[in-house]
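Two complexes follow with subunit A in common, the first pairing it with subunit B and the second with subunit C.
After this line comes the complex of A and B, so read on.
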């Protein structure tokens, strides 16, 4: 469509369908600063940092200008540098610059660009706002005083998640981002996915930090702390320690937790296997009876909450299976019942999740048994990283450890739960009589893997054709549901993950993240899947042991019983 | 009564023209906002009552069934423009203009002027001993060229019948029956009609681009979100000649292939909304809006969208967002509204006055239009003339008229025998011009070259008692508050500039502050996202340029030469003159004055709030300002 070449800082650069000059400039190896530009969101044009000057002296923002053949631009003329620094200075003058006590410090875009632009002074009187910090949510904390009004969170919430829990209010320098009518975030339709936090360049939206609770539990002699770790954590946590996205660090994570005093560390992929078993059973039953189809997956608590808000009519379609986190919580609490009686300790189940919504999920009333939460504490990848640093653990030099038994062994199917398409693939693998080989799987499940927003595939199981859809991003989910409800599309099973790419890009993961990082994290999980000793959930001997033993006659604890 | 085809329209038009002539006398009460606020509607009702009492054949709506030749028309017109001296009443055919008419004058007007054809001098405009009987002879009107405003003050603003009687909708019929869409676009392009909303972009170019962009739906939007303080041109057109605007939009729709139109009017203009709504309703009733207009295959509908009071919604992308139900914030898009406008469809956005010009361009041709004004700015421009000028009101002059023409010839010069100091033109986006610019022609490019702009046409004249720093602060305060807050330079930059101006006004400014104002102004001007930010520093930058010595007085001498900035005033008691009566000490609200009776009193400068109460109280003129 748009091809040609332009001169950038004296160098000829070819462009080919780039959607704006900014992309062309970045392709040319010049990293123009931006706060509000994200390729997956709409162009907002507010931060004005990506301005350049053309050969006629015109100054414009490159994010919102199309490249034109023969154009000649300069990215760092004295004028441009001055303007950029002035804009930055204006932004800083109005910002709560208490960096030393900010949880975003070291990972803050404002700090980073301020340093890159070599900001040495702010000539204006500091005007920090004194807005109330919204701590009402179980998932995130909103501190408007650190907000630079780039609008990234607003667009993420609306354009990607289709939620629109927050937006702009007031004018001019009184503008702020807030839930409707200045309510708390819990008083609106927030689903706790934490994508706003994941995209926020500053410390204005952060994870609800509960790491100290773990320390308290660990130092309480009457408590036994056992931990479960979700698959997506192991391919992302390393980024906080200088490793490439997708690097598998599970051995070190287990080691670190043991160092802190955790008694046992288990693998949530194990309970994912359990989920596969329960969900496959449920699906086959529905398929035979032809009722409550399509079956929607229930692993993602942000999706479940989104459906609670918007699609009450789907409540019978959503799987009654607990999510892997909550299944594990129930199983562990049951497992440790006798031991607790024996040694007089209370077992505390802590989960390490890539997800902020899991924090809220653990507090849902259906997951509280006799006044005690099935999962006592949920920490995100980020909180665990902080703990590791706080404990002074030299992550690089940690000797790798392995999961504890009897819940420390998972099939390859359980591991890919962390990536969009993983749940669907695992359930199908369970149902297929003829287990595909690794190379066959690459072909067979090609259509459900990957980062496309909606994926579709058809499989024949026991002579019946099963139509499957995999969707991530709640806005995509809403659009798909509309198509299902209008009759345009028909499926038997629909996997929904709220976060773009699935749990690997959850709201509790290291930031910033982009498409590239998501791909690498996802690839990490599929590597684990390929190299797993057993491929399908029902082949997991520990699962069979569990069904024969602890769960004999008690499959009900695997299902949600709404109160 | 729906008009089904062109023939029926022409028949109706003929009878309306006759009926209009049959109103051999007309009382036209100004129904513009200013006059209404001063009681024009009460006067209108009073006239009606008196006429009925006296058994006069009074007609408020053209009556096609009453053929009697000597009817008295009583009309509520649009703004006559001379708001300063309202409520205005015009009598036709003598063209007498009565000023400041009160309820108790109505009887006399009917008795003397209507029944006995006698003028009432005491209600007429006078300069010294000279009485100006007819409206047209008054210098305020004589020097104007009222083309867009030609109906304002002459026809009933609420009647489609009056509008058709004075040739209304003839341009639409001409375009509909004799011109292709390309021909209409080319006619507007040839006329060089530039957008009257501020930027001066050629309207015809927008039209032809929308015409060429293929789409299932296209839109025509009329921007009536006139938000500049002191501007009321568009308001007066919408209130005074709503059908003119509708007709312009219909022609734009014909030219571009649009079938839906929106008029975006600020909610603060209730009368404009009421009259436009009525006009749309009437046009629909007569088959001029809706499906298959006049039996042709052209269909067009107009909806009114009320703005919720944000200045920035006058910016076209914010206006579009607002119509779509989004927050009124400018959008950045790689494509312009002509390609990607309302709901992503090709959209023409023009302002009220631009559409109001279309009628005459189509009817009289582009050459006629180009013969008015200057080479690059054709036609006329309406201005809202306000401030310290003798005659305030709504005026219309050919482009290229000078500031001197407007302020001195039409405006009658500065009021109260004061000296001219400055004129702020173009509202908060414009600039403060000084005496050296009085002979500058008023056109898009000349004004831009001196750091001002026509904007929508607000013109605030200021006399020697005006403090330019305070004026700049006033306008910047406005834009700062009305900034949507989206882009950093405008949101934070205007706030910081305002802080500096406040500092200067309080006597705490430094010369470095002036440099900072210029640096920030330049950054905001060059890097802001939309037109609001890109022009917000203009009042400050232009006043800094043309009235720099006044800023220097504030920051170096800590004095406000115009004695406006109260914090810079020093009030003191002249020891020689003070008799020690203690009156000042008793009136001082903050107890800043003390002393012993019969000895000179003293003002504690730290306590003084410069309220001037003491000055007024002193019987010996002993208290002075410095």
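After this line comes the complex of A and C, so read on.
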């Protein structure tokens, strides 16, 4: 392949298979600015920020040029600096520059690069169109006036998620990113995953912000606010407070919520244990009857919506188990029924999730009981971070608190739900405990963990071979389903998570994200898994208490009943 | 929509490969004078392209229209030769006569559409217009209104 050396700013730099000059330049310790270049997406070459000049005076974008032996380039000649600033000026002139009231401020790539390039003025008159802000979605808000047309969201939606809900339309100065026929995002096939928001360098796509509702609930004397926190939140939120990705901050998060006035804080990993029990039971039943296989997991609401749109024929294959968030909602509402009657308060269930699609999930009609949502409010990791800052809580100095009982203890299996492969692994752990004849546990789990797009593993229960697949990224899922439907592949359980790497890289998590951050967050969860006092869901004493108490005659609240 | 049978024929002609979309849209536009929204969605489904992407393609090319066009499509050349020979007053006269503008290009009765184009390749006849691909050269604002009235008469006769 391509090997050789090139001269960058007078220094000889070796290259070995780098896919473009940009990677070589970055290897040389020069951080060329980019908006539209992401290693996991296709190369687009739209933003032109990564331009350099060669020894013959040619100017080109390094992201879309291959390195060649003997090449000589300069990254910061007066000409390049002038052009780069010009390009930046044009981008800025077309951008709604109301930074002080933008929710992306401080975390905005445009702001960052503008500052790095020392932009002091924009000579051109603003051509910002007064485009309508699309607030129709329960998950995200699209503000086209802040769009710089880098196309990151378009490629993410199409290439990684295989959805294609938004694309470029029109051309020249009229070009914009929009759903088909200028419809609202809710009128097309958007699955609410929020990956567009996670990759957007500006404030053009942001999380639907509902943090003020929590404040309202907390200040209402007639309401009792209880919170559940998903596993993936605890390994990412710290990034907003200067900590390394993967740092476990759950103790501080609980403290912060208590400061704010939350009565009890519970662990969604606990209801993940509950999901494991229900899903394992469901799977064994299906396996015995040999019907509705493969069983597709139902924890990821973006996947469920994707299947609703594209694979109606799979509706009986998708697990009827509610997702951990919704299971917990139902359980908590039931648990507090008595207490509500006693003290005349209404219990409000709030969940803190790494995910924008969870906001939409909580609003699905099958999760509304007697006119009330099972989960009243879903806030993302990002919204909670803003609340912590808004409340003036000094996160660094918080004393760590622990989850409340009786739903504050989870097995290691419940914790890894937040990472791709985690649900499958947890269900397997449970199945293997149930059927102790299996010996190849270690080999099996190595196959399921990790971040490759599709993983598969086989194991044997009582002489029956069980084939399992784990996939993340909806485009990968669609490809896998094609293989299943064409008969090329056969599985018994398929775990699908929409976001690359699973919930740890959800659309509501701190940004920017890259492969390394995802790995670190995932490692954080597996550390919790390794150090958990109990490994398997059925060993969780609280689960048994629940099954013998509150849920004694009511396992049905753990399952979805489509309306 | 019963016309989907016709759309199927068009798709069969070009094949349902993604790369055929432009040729298919050309034929669709030829058939309807524009590309109806539901047809575009139908085509995108058949070619396994997202409707959003198909919309992007259809809006990228000036020649595709997602709005219904009139029975008579009047193209006024505003290329260099026609422009210097005063095509602008012709455009203005036509728009005034038909109550149209740069944004509203088709009359409410769907009879006339007025578009400007960059060159019709008949610079010797500048300023030039075409009505449904028939070329009329050396136009003036007065001549174009006369021409328009002739077509109106034609429409009137057809109605009888």
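In this text, the second predicted complex is superposed on the first by the 552 of 563 C-alpha atoms of A that agree within 3 Å, B and C clash if a C-alpha of one lies under 4 Å from a C-alpha of the other, contacts with A are read in each partner's own complex, and residues count from 1 in each chain.
Definition applied: contacts are C-beta pairs under 8 Å (C-beta built on N, C-alpha and C of every residue); 3 or more make two chains touch, one makes a residue touch a chain.
In this text the structure is predicted, and so the values were computed from the model without any measurement.
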*Scan A:267 for contacts with subunit B and subunit C and give back first, second, both or neither.*
neither
*In the superposed arrangement, does A:59 touch subunit B (first), subunit C (second), both or neither?*
first
_According to the stated criteria, A:188 is in contact with first (subunit B), second (subunit C), both, or neither; which is it?_
second
*Please determine whether it is subunit B or subunit C that touches the greater number of subunit A residues.*
B
*Is A:164 contacted by the first partner subunit B, the second partner subunit C, both or neither?*
second
*Once the two structures are fitted together, what part of subunit A is touched by subunit B and by subunit C alike?*
167-168, 170-171
*Touching residues on subunit C, where the partner in the complex is subunit A*: 37, 41, 50-56, 59-60, 66
_Show me the residue ranges of subunit B that touch subunit A in the complex, using the header's touch definition._
310, 312, 327, 329, 331-334, 480-489, 491-496, 499, 516, 519-520, 523, 526-529
*Which subunit A residues qualify as touching subunit B in the complex?*
19-20, 43-48, 51, 59, 61, 63-66, 79, 82-83, 86-87, 90-91, 93-94, 123-125, 148-149, 151, 167-168, 170-175
*Touch list for subunit A against partner subunit C, complex*: 158, 163-171, 178-181, 188-189
